[in-house]
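Quick heads-up: structures coming right below.
One chain, chain A, appears in both complexes that follow, with chain B as partner in the first and chain C in the second.
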Partner chain A sequence: MEEQSTLLKVSGLKKYFPVKGTQIIGGKRMLKAVDDVSFSVEKGSIMGVIGESGCGKSTMGRTILKLTEPSGGSVRYKDKILFDVEGRQEIGKKELLKTRKEIQMIFQDSYSALDPRQNILKVLSEGVVKHKVTDKGSVKDYCAHILSLCGLEESALYRFPHEFSGGQRQRIGIARALAVGPEFIVCDEPTVALDVSVQSQILNLMLDLKENMSLTYLFISHNIGVVKHFCDKIAVMYLGRFVETGNAYELCREPLHPYTQALLSAVPITNPWEKKKRIYLEGSIPEGSDIPKGCRFHTRCRHAQERCRIEEPGLSEAAPGRFAACHLY
Partner chain B sequence: MELLKIKNLSVSFKVACGRVHAVNDLSFSLQKGKCLAIVGESGSGKSVTALSIMRILETNASVDGGQILFEGRNILAVKEKEMQSIRGKQISMIFQDPMTALNPSYTVYRQIAELYKLHRKAAENVKQEITELLGRLHIPNPELILKKYPFELSGGMCQRIVIAMAFALKPDIIIADEPTTALDVSTQAEILKLLKELSEDTGSAVLLITHDMGVVAEMADEVMVMYNGRRVEKKEAEEFFRNPEHPYTKGLLRARPENFNGRFITMSDERGEIKSGGTKYTS
Partner chain C sequence: MKKDQNKPLEKSEHIALYKFIHNKTAVISAVILFLLAAVSVLAPVLASYGFDTTDLMNVRKAPGSLHILGTDSVGRDVFTRILYGGRVSILVGISAMLIQLFLGTLLGIAAGYYSGILDMIFSRIADAIMCFPFFVIAMSVVAVIGPGTFKLVFVIGFLMWPKLFRIVRTEVMELKENDYIAAAKAMGMSSGEIMIKHLLPNVMSPVLVSSTLSVAQGIILEASLSFLGLGVQPPLASWGNMLSDAQSMSVLANNWWMWVPPGIMVALTVLAINFVGEGLRDALDPKVRG
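Here is the complex of A and B:
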């Protein structure tokens, strides 16, 4: 039963980049952007990934889709293994293309994600034709239908990306992802450049579509205020690894990991008369090529003890359904 | 005390299909040592207002009317040379994107030293002064940072340098145009704290432009809402959050993500359709 509802299973995912200018003899230094991440996403749920810029959350999203080559670990989508680096298994090219129909991505910067020379019909129909979503004669009508689902008019089909506002372009980005009829969508900060009201519209659209088309989202963001309400589950990422996962509301109400606590305390107050105790982290984030030994957060942690400098904690269940990678629990 | 008074300011841009009226008949004043937040959606004329005060509008823009009185003087009428002595020294600005605000081919030291060179003839002790300044911003290892180029630093560090430059000559007014939009929440919290500390230290008034109500709640003494280049409402910060009057203001406050109730609230949920805060065209 449980096996059936798991849509995506990621185990031990790693993505390392060689650091330029380091010696080839004696081994290149590696920047560990994603360093051993495991999780699964249930069908019909929204999983959120939060963390500061440079923590590896976007790289993780891209690696899952095989948009960049993974350095280690495996990803299973439904009963298909997309890749398993250790088991030397990899999905075939044709099969991968077919799977792309089911897994789509919405990008952060809607302007650079759309080809400026293609009108919207071209943008939307490319995938539709390729994957034979509908028969040739009705491609145009189909694209118009998808646009209307995303709150845009049919006339938009013959316009170009630069003629739209940021919010409208993001709708087009969503429409493009939806056009091929996916089940799973990786969303990489889809509302980062938008005003609050437009952000609300886009997020509501995504919620409507999710309910009507039974979609599943992996939602990458650094906007904690949004993630708290939008997602079912949240994972907090620090230096390429998850430090805490759990139910969205509970995690935001009572964060367990010292890093999550600091991150949440930095969220601005909602009203001027509110008092909030801030936890300011000391120092800056270590380089991904120079991850501290032991717990990777110990250099900035208020509770760091001797043990934290030596032994790296794994994710362990700290409360029912709540996991934290910290020796305190 | 009124430090800056804007009277009936109107600014428009010449574009291919006519004129865009970005700021229409805008009046407000900024008190000494206080923080005034200007909020509104993109395109509501917030940034154009800031650029008009600094007199660094683009060449296709024109001020169609009004006055900007700084210490009783209309700075729209002063000569460019005189404006140069005001800019950076008495009124300075913090920009949204720290990476593009700094010159990529200058080291941090040269970037900051330029300010001193332009506004003060004597060049002694500049290095020491700059080092002290960076120390006040809690920048570790200021000597090392001074030798670096902007691309070698993180976004948060670059924004600190931009802030250091803005406060260097202890100006009367700091205009901060979305100073934390490009930053993470944790960096944002640090930068806001820094802005507060420094403005209290130097007694500078802050004109804070933002669309983030959280930032407003953290920083502002007073809040002004702009829509379509016009002033919609101006109030004391606490009063603004407790009793917003204008339907547009109410909408802005309700559209915050924390008011989620199964769906996020949009501006159009509030009393029918409110057009998003764009600008008007005339031909």
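Here is the complex of A and C:
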């Protein structure tokens, strides 16, 4: 880690969705998709966010980018406050537009991420033209160049999204994000829908691009086995909240939180001499609208005690630089 | 969860064209409509009389060599009036369609995209218009503001937009959940740009189908109101006001040429438009195989 300047700082981020059909006198029930999440991302690093399906990863990514209205908390990018709900602050329109160029997102579902009625040139040039990345005459050449960086031919420019495979579509999604010359990219499970060999191609592409263009990633995944190799920091998310954060290597070598331990035990072993016992999680993930009282993980935890049912543990520093939200530490 | 409608099987426009061309009813209807339109446009060339030329010596004449479809109660040539009437009917139908197209699409996209209070206001207005029987409200409005071709067009167009509005609004509500909308937002696109560049092109197929069908509806409405004397006023010809001659029992019984031809024209045009509309719907629907 050469530079240690904080690029993105998220504090107390919350995103609640009203649950449909619960508008009874007691007030609406809320689905707490993201519930008080704080972290910061250093420039040039990769921060991983891990969690089961439905724990609120995508929602967190979107809220950071201000693609949906936040319910609480604040996000600071460099020296700009994108929003601060409690402090009633919000970035101005002009400033936001400038920031949009610097922060981009790669979406989970490459099918829904590309407009079926736009050819690839239109997909890529939209942001290029908007932010005047290059002068009008050379937009086409520029888009072709970006495509080639992402491993696609120039002829792809005039084809439509449905003419591409999942892997190719994901490359187009990456190209679209890169085209405006961002510094920070939220990668929302960009490889989740792809088969393993294509997955590693896309991952390698993204890592190369990161090095060559000195990017910073917030990398969302449900597979800790995939991200542990290249992330600097990892946060483990459960039901909208971080239950453990820390340096990626240490977190994977010696997970603290029982949930992290269970996730890691499910990763296939690569070293045949390594001994490992699979920890099975009991029960299924509770509904986000019905988060258990006390520690939100206690319903599935092997170590659950009386205290866990009553008192919610906060993230506390269990070891230097390592935080876990568990009464065990 | 995400709709598979966004995964066209092949290049969707080509498939649609292919399916439409292989739909015989739709193609024949399209040809008929084209001929009707051409004949109406060329009315001044094809007709040997003026649409308001009266010949009081030849009143209610049966079809003959002089007047191929006979003459009406004041001696006007029925064939000529059919041609000119076609102009009016088609013009009214298309103009009303354009009005509902504009209102329905614009308000539908805005309501679907912004939801909230805007959606509530537009939806309530649409509901209010739709909850009255179409014809009753049209009649009452015309009765209040008075008859006339222009007024007719506006009344019909204004009464038709809620239907398209609902279709577009529902479609947009679903479309806007797609990630390409989020991606456009992340690019810094404004709401207006998103609506015009991403939502509008993606709702075009249902809009096209619904608007085609609304031309037929407009023509029927014009005919009905004109039949009641609330629409196009004589001496201007329209199929509807030609039919109003058939209000008299003696005409109905003895002078078939005065009301059968305009009746057939209305039926033919409306049927043809409906067939084309349904052909379009099937052609544009990826679930229907050609």
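Structure notes:
Basically, the second predicted complex is superposed on the first by the 315 of 329 C-alpha atoms of A that agree within 3 Å, B and C clash if a C-alpha of one lies under 4 Å from a C-alpha of the other, contacts with A are read in each partner's own complex, and residues count from 1 in each chain.
In this section, contacts are C-beta pairs under 8 Å (C-beta built on N, C-alpha and C of every residue); 3 or more make two chains touch, one makes a residue touch a chain.
This structure is a prediction, so every number in the text was calculated from the model and none was measured.
On the superposed chain A, the positions of chain B and chain C stay apart, so the two partners fit side by side. In the superposition on chain A, contact of A:109 is made with chain C only, not with chain B.
Seen from the CA centre of chain A, chain B and chain C lie at an angle of 80° in the overlaid model, rounded to the nearest 10. Using the contact criterion defined above for the overlaid structures, shared-chain residue A:320 touches neither chain B nor chain C, since it reaches no partner. With both structures placed on the common chain, the touch criterion links A:137 to neither chain B nor chain C. When the two structures are aligned on the shared chain, A:97 is found in touch with chain C, with no touch to chain B.
In the superposition on chain A, A:281 makes contact with chain B only, while chain C stays out of contact range. Once the two complexes are overlaid on the shared chain, A:87 sits clear of chain B and of chain C alike. Of the two partner chains, chain C is the only one touched by A:67; chain B is not. Minimum C-alpha separation, chain B to chain C, in the superposed model: 10 Å. No residue of chain A contacts both chain B in one complex and chain C in the other.
Remark: chain A residues 52-53, 166, 195-201, 203-204, 207, 222-226, 228-230, 262-263, 265-274, 278, 280-281, 283-284 touch chain B in the complex. Considering their complex, residues 2, 6-12, 177-180, 182-189, 197-198, 201-202 of chain C touch chain A.
Residue ranges on chain B touching chain A, taken from their complex, read 41-42, 140, 154-157, 184-190, 192-193, 211-215, 217-218, 220, 237-238, 241, 251-252, 255-258, 260, 263-268, 276. Against chain C, the residues of chain A that register as touching in their complex are 62, 65, 67, 96-97, 100-101, 103-105, 107-109, 111-118, 126-127, 130-131, 160, 162-163, 173, 176, 180.
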